[in-house]
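Next come two complexes, and both contain chain A; in the first it sits with chain B, in the second with chain C.
Now for the complex of A and B:
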């Protein structure tokens, strides 16, 4: 769907015609083989493998035995599952709702070209460089009620047991996620804003539209696909917030921040129940695909296929 | 589609320097400015805290204001971290990152070249579709079968166990970004090389490679960051301490020294510093490349 439309419109028709003949023959196809092979082995095969394993009994070491629907029955009737799904969506939606408006605002601002904005951007993007493990460890230390920042500053408000209380812990996860990813999404919006033709703003200001009006009637609609790209990354990405939550809260306190990805890890690699863990993994893949498709549908036109996922 | 839009992007960039300026307009964006500066403070406070604290000893850490500069800066925390085998973990991370990125970018580039040059072929369209699908799937969800594969290949607890799946996970996005850039190479150039008798391999090396070098650097940095910072694959596919990569080492170090916050923060500093240095060098490329790759 995307490939045939590849010819750039600037190309004269004559040249395009001459080239399509060359392109159609297959001698270049072999160049795609190495990438295809390794992606199939470690990407596609495991995708079906996880479905297969969800119907087996395996402890991670011994033999793999068929188990029929036993895993599916036990996972789907597990009273803890709705909570895990709920927490996953809660973190997904809250972190989307925090990140999107802020990234939009900041990205629009950074799209300006003053020098100090460049400087701002350099500092701003440092969180992009840190590993989730490093970020989680830093916040764990920073929020420690006895040894952390609050204790050091002797500010009562800051010395709460941030990671020890259910609602606070969830809020902390959302905040840390935003801290980590807002710079990245601001960058995406910055790029998007810079591609909006200036003539549109020109026309609008001649018509007397104010800045806020311009933001809502030009910037926002023009950024439609950028918003979809960014939201897809946020939403699908939030399904894989494993390392951050694993290091920061390990799913706690209790199961307050036990998201699906962590649930999969705990069932599989701590309880050695690979079958039920695979069921969770299948659910993760299905939720991810469904959300990606839904967001693409929201995009409306087929152009979205270019933006999707990327 | 991709070409048309990215072409329009450069065009509008040019006009924005022209008569009417977006600049002036955006200059007045007080609300966005306030948000950006506020968020900058939120970003910088923990980072500043990491830096100053990592140079304090534990007594100073407890007695001083957390934001004060260390009165007697010490490197003892860094010594402790380095003596905890961090050079070994650093080396492991370098091997895993380089071992992933070099082959991943090379084969992704070849695939992207084939997809653009062989456009119209059913096979390559299918391959492209497969990679695009890979973008929408949380690949981490396939970790259990990957674990099974690695065990069956007798690669468990080796660095290669991390490298192979990392290459596979890096491919979809790399192919997408690189093929968008190769599409921007004027077809006439390929045609004239072909007329001169060049084969596809010559065109790949002599034409596509030099013209897409910025994209190659971007894709390498972006994937390199992901691999360098990766946690799940090393956690699941290795076990012995001498196979640890830095993020995993950070986590175990933190488990050991959780009360010694200055030492923990020194370990964070040491694992991040190489990346920050690289960022300082390659920042322009990374930021502009990411923008070109994502904002369409």
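Now for the complex of A and C:
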């Protein structure tokens, strides 16, 4: 992390300036070392461990035997894999499509300084305080076809087999995920909106732009980077949805909600096939990295700051 | 062997608790509760460690066993650690894999035990049982099957025997004026009768998957006899596509297509005890479930059990089937193994505990009192001491079912290796969703035979 200190004794002015900058950031770089060490030990090393395991045969108990590409072949030729990948992306796209507009609107709304909005903000954030497992158990109880909300209130519309029909179950997963994470993304958007200089809105008002016009012409373009940040979190985060789906549907009915993360767990810890599970884990890492990079690209090549570039 | 599968065992633990309360409690107490005895780890050198499951009434009985041992052996203490069911399953596997496991390994035998044996993690107890022939003879012979790997005994059957039983609600049968089924044909005939009366024929917690598996276990046995699964277990190629197996799978899907199971069964879990609640609230007429559900139905079902409305029977024969109608399936017992990585002193302590405190008189009495049949023959003598009429009838039924079974097959997901079990449960879920055909089921299962 440290910048090479072996610099030529005589430096042109610009380089000297740069060096003095390095001198100042030196201690700062050192301060990053604890975080870096933890990241390497708990982030990078396990990553290589998993990569290694993906080429081995291991049941979690006995000896680890090399297996070459056998695991990769068996996982990639598994007829169930395309479905699992498809479900993962389906949940990712649907939950993004539901969460983004809603949290954008809620975030913009909460960015206002009115007092009642502050009160509402507290209410909106409640789902954020609950653990995924608790949320899943609660929804599972509410949606129970025989003892749930619908059956209790005798409302026919609510008495569906919510988690027992393939498309419904997928919809419920997307709904619960959105319910859980919209508060978090609203918070991000609220911060983003508050960063927008009020002078822009004032100028727009003078030009005769209405509220809706202001939203589309000022708020939305100004939030470009916030949208990318929030979308990255949503998209990459959705790859790791496990606890909620595990408790809510356990991947069912059949394999209708079996996402990659769940598939990995089931292979590794239930079927005792650590090798194939590691293959899925590596795939997850690759997909996650690819998506994050793609979104960064979409973020644009402009290096200018948002305010200046607007 | 998966967390959901094991919720069946957590049922053992949930017996007596209210459905919802138990479900929530099971989730709330996932952390290990180290409740070292009063002497704690002081005697760790020659003592032994023992990990077991929380959940009443089993937990209290296990604790009492350890306490009796520790009181009698002040020099060699057993230190126990308690885990909630699902946490235990993950923890014990990882701990054993890392060489950090306890001296006494509690488990369900079968395929899980075999994976320990294959990894050389558990002690061969064959010769020890040879020295303690009296102890061995006191235990149900049927319980040793799941403790035996390659002809050697690696675990001692302890605790209780829990066959799968066909429960029914007598009130529902009176309502439609029908008799309990005497054959598979009767079951198919009963389905439209109950559906017309607005009662679901069968309750099923289908999301848990092993619940659906119990149906296949019985159908395979009743149609093709015990050898159909024995062949699968022995790893014979293509044994899942045995004609009897395919017939059983077809019959299964016929019952599903005829709306034999309650609407929404595929999203009901056994963890929440909702499947039992459907039976005792009269929403479903029958339920195929483990004997361990009796306690909870008695505790949570109002007057369902005490009022004599609960009926039970062994699974009826299938017309023209080869299976012996006395055959049953389920958990022949729970099992204690000794870690091969433990020191000699720890092993000796553990063996002493196994011999003196797991199936002693006090334990047998406690199990019977809790509504269970322990895996020993002497349980029969204790049954006369049960005063509650419904309990007494029930316990005699369970005892006779277990003791008279020509073949007591272990639950498939326990008997098979974890890899096969997981594939099996997955395919069962799809079979019950009608998203795969019996042939497809057999093909995907044949692919993992012996793995």
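Basically, the second predicted complex is superposed on the first by the 265 of 310 C-alpha atoms of A that agree within 3 Å, B and C clash if a C-alpha of one lies under 4 Å from a C-alpha of the other, contacts with A are read in each partner's own complex, and residues count from 1 in each chain.
Just so it is clear, a residue touches a chain if its C-beta (ideal position, glycine included) is under 8 Å from a C-beta of that chain, and two chains touch if they have at least 3 such contacts.
All values reported here derive from a predicted model rather than from experimental measurement.
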Which of chain B and chain C A:255 touches, first, second, both or neither: second
First (chain B), second (chain C), both or neither touched by A:127: first
Which of chain B and chain C A:216 touches, first, second, both or neither: neither
Partner chain in contact with A:141 - chain B first, chain C second, else both or neither: both
Which superposed partner A:269 touches (first chain B, second chain C, both, neither): both
Touching partner for A:69 - first (chain B), second (chain C), both, neither: neither
Partner chain in contact with A:153 - chain B first, chain C second, else both or neither: first
Partner chain(s) touched by A:59 [first = chain B, second = chain C, both, neither]: second
Partner chain(s) touched by A:161 [first = chain B, second = chain C, both, neither]: second
Doubly contacted residues of chain A, that is, touched by chain B and again by chain C: 60, 133-134, 137, 140-141, 144, 147, 269
Chain C residues within the chain A interface of the complex: 1-4, 20, 23-24, 27, 90, 93-94, 96-97, 115-116, 118-121, 206-207, 209, 262-269, 272, 274, 277-278, 283, 417-419, 421-423, 426, 429-430, 433, 435
Contact footprint of chain C on chain A as seen in their complex: 59-63, 133-134, 137, 140-141, 143-147, 161-164, 166, 169, 249-250, 252-255, 266-267, 269-273
